[in-house]
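Note that the chains are named A, B, C and D in the order they appear, and that numbering of residues resets to 1 at the start of each chain.
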Amino acid sequence: MNKVVANAEEAIKDIQSGATLMLGGFGLCGIPENCINALVKKGVDSLTCISNNAGVDDFGIGLLLQQKQVKKMVASYVGENAEFERQLLSGELEVELIPQGTLATRCMAAGYGMPAVYLLAGVGTEVAEGKETRNFNGKDYLLEYAFDSDFAIVKAWKGDTQGNLVFKETARNFNPMMAMAGKITIAEVEELVPAGELDPNQVHTPGIYVHRIFQGTNYEKRIEQRTTRKRS
Amino acid sequence: MNKVVANAEEAIKDIQSGATLMLGGFGLCGIPENCINALVKKGVDSLTCISNNAGVDDFGIGLLLQQKQVKKMVASYVGENAEFERQLLSGELEVELIPQGTLATRCMAAGYGMPAVYLLAGVGTEVAEGKETRNFNGKDYLLEYAFDSDFAIVKAWKGDTQGNLVFKETARNFNPMMAMAGKITIAEVEELVPAGELDPNQVHTPGIYVHRIFQGTNYEKRIEQRTTRKRS
Amino acid sequence: MALNKEQIAHRIARELQDGFYVNLGIGIPTLVANYIPQGVKVVLQSENGLLGMGPFPFEGEENPDLINAGKQTITTVPGSVFFDSAMSFGMIRAGKVDLTVLGAMEVADNGDIANWKIPGKMVKGMGGAMDLVAAAKNIIVAMQHTNPKGESKLLPKCSLPLTGVKCVRKIVSDLGVFDITPDGFRCIEYAPGVTIDEIKAKTAGRLTIADDVKEMVFNA
Amino acid sequence: MALNKEQIAHRIARELQDGFYVNLGIGIPTLVANYIPQGVKVVLQSENGLLGMGPFPFEGEENPDLINAGKQTITTVPGSVFFDSAMSFGMIRAGKVDLTVLGAMEVADNGDIANWKIPGKMVKGMGGAMDLVAAAKNIIVAMQHTNPKGESKLLPKCSLPLTGVKCVRKIVSDLGVFDITPDGFRCIEYAPGVTIDEIKAKTAGRLTIADDVKEMVFNA
């Protein structure tokens, strides 16, 4: 049982062009920086990326977009990226927009072995078009299917050699559900510790969901909206 | 926003006869001992209890059974209780047996606002009788509904004044899902601390799900199967 | 005189009750946090995975791992808790959030809301808005009563693609406060100096005026 | 000579592969943990909410908050992790557990299993058995080949209420090892001293004998 790999290059080495990837993070917070950089370097293309956002032009998934490695983006909000907009308007890029909670829950459904769940978001809107609607207790719900993803790539704060993961603050976001949902799950962590060092009461993602893990390097952790207040 | 109550009596004071209650715990591990004792003392009856097990004769839900306070038991396994068996065979007690994972997931569904989910357990067995079956990707699943419960009563290790809960080891079990699923959720904890003392990264149940909290007393924590090995 | 953004936020803050869990959207709704009445304690939810959001950090103390749903750097308050996005929307869907405040491009007199998409413009996505409006039990919209061309944004029917149907309970616009009722918008307060006639002229949807309609008062 | 319980467990342990996540049921399956082959590391799951179950505690070190799915006091190993029961069955349902070993009252030659209910007797419940058999991708049954009356428990069709359908992959009984195939039970090993004729006589369901069938060897 050796889940530890040397680095991002080794972790992603069997990701081929055309693969479907889940990528953790919300905005630029908690994104798998090392693996994204390795995917850019490897140059695979025609990727389908499931991620809440699409990064900015020169960071996160934006780096994959710049190299035209993404065929389809499945996201809830993609507003921060000029190259994304260009490719979308030119028809080079396919986009499927999904309500944020539905996106999260479709990942969770996959991790919990539930093929489909009934959710409220989008009832009566164009999101409901083509979807099965069903009424429970007087309310309409949409049938939403679990995602099917070849790989899930997540970023955690700490991890151990068995693949157990702990996330930090709001960098948790989509990472735990995606970690549960990948056929192969790759985790990059800021700090990799030996099995037994994490408090077993306080692990967010049990290692059973994680197939490969490595300690990442040079995290930039770029801030998207730096908002502050003055000391009074 | 004052969620803290003095004790179990105050926490359960509006639970009336005929109520539906979820009670956390697996076996005798992680059960809300104080609230069960208070329910016995209060003497409410005709209760519907949703709990994985039914305690033993003189501990846990068994105490409610002895006083004939339970009308219906919804559980996955009830094998440890002679009075239970007597009431069941005499027709005094109604029992609905549900696969353990389905029980857990029907609680979770309630907490996540999902009216129903598709689950595998029981397909092709008598558990499937009368249930809707649907095929996804070549596999049959049963449509299982979220539980609807007036109260959820859970036991945690630590809690804070805002209702945030942390569970210990396998005493976690059903408690977090039930905490999410009650219309009113009551939490008894071994240690109640001021808001801000728990690590916000390491809370299992966010306080938004918890309506009343108190520090319990005199936990017996009875062991059901004491198994040991000899020092070699 | 029509309310400014701060005043809209100030008025909405009066809807907060002690113990409320509140989700504040981007823009004017965010400002509501600055006007929480004394003696009222609320917990702010950020749908990316936080209960107990605090103010922006002091300069130099920004934490890239701690942002709100608007991707802004924030802080936490004592008793805060982090969770994943599935649980976050789970608690919204299960009705655990007491109040949601968000902006809108259009609201219809039956409570329909449109705030995510303008045909012909680049569509950036709905983010969490559809989840919030579909599930929150109490939705207040903070908005300008008219668009820059002076056209009403309180309509008989939304012209833009919907975000959610029959979900808005109350609107606080620059002109007044409006409940959504079976009879359409009901004006219950008007901004200081704004006339009922002006409100009638600028409201395209069905409108009634409450018998006890009154002028808003700002003491602060 | 037919295998004893320890030998059944010993034989099943040979199915373990390095890195497997394994759920061991109550009874004989629990004993499998004592025979994990050298060089093979597995992680034991207990469906009440634990990965990384260790042996029973030393006397005096029992912890009431730390039990397995059989409600027995246990310990953990380094790297263990606790979680709630919904996640526990979620990982089972999602196929993350590599191997499930459990007991059975009856198995049919199509892989159906019955192990939870005997009509006329007090029904104690299925616990997690139905979830496990419905979802596990690899199920091995540990069982006696016949009941105390000498009747076969490997049947053409289960007579007892089912726990799951077409789910068992392999049986290790006191008489041998049997794969479930489209042609029914296939004997691939027989217990030392047990004859094929005895196996045939005691198996009521469809049975084939593998060409390379061999006698089990226990070195330990």
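Note that a residue touches a chain if its C-beta (ideal position, glycine included) is under 8 Å from a C-beta of that chain, and two chains touch if they have at least 3 such contacts.
These figures come from a predicted structure and were not determined experimentally.
Each chain gets a centre from the mean of its Cα atoms; for chain B and chain D, those two points are 29 Å apart. Note: centroid distance chain C to chain D, computed from Cα atoms, is 56 Å. Per-chain Cα centroids separate chain A from chain D by 37 Å. Chain D has residues 82-83, 86, 90, 92-93, 135 in contact with two or more other chains.
Shared interface positions of chain A, defined as residues touching 2 or more other chains, are 105, 112-114, 119-120, 167-169, 172, 200-201. Contacts between chains form some other arrangement here, matching none of path, ring, star or all-to-all. Working note: touching chain pairs come out as A-B, A-C, A-D, B-C, B-D. The residues of chain D lying in touch with chain A in their complex are 18-19, 21, 41-43, 45, 51-52, 76, 78-83, 86-87, 90-97, 135.
Residues of chain D touching chain B in their complex: 46-50, 55-68, 70-74, 82-86, 88-90, 92-93, 112, 122-131, 134-135, 161-166. Chain contact summary for the complex, chain B toward chain A: residues 105, 112-120, 136-137, 139, 141, 145, 166-169, 172, 199-202.
Taken together, the chain A residues at the contact with chain D in this complex read 1-2, 110-114, 160-162, 164, 180, 194-196, 198, 200-201, 203, 206-209.
Residue ranges of chain A in contact with chain C, taken from their complex: 26-30, 52, 75-79, 85, 88-89, 97, 99-105, 107-108, 119-127, 157, 167-177, 204, 221-231.
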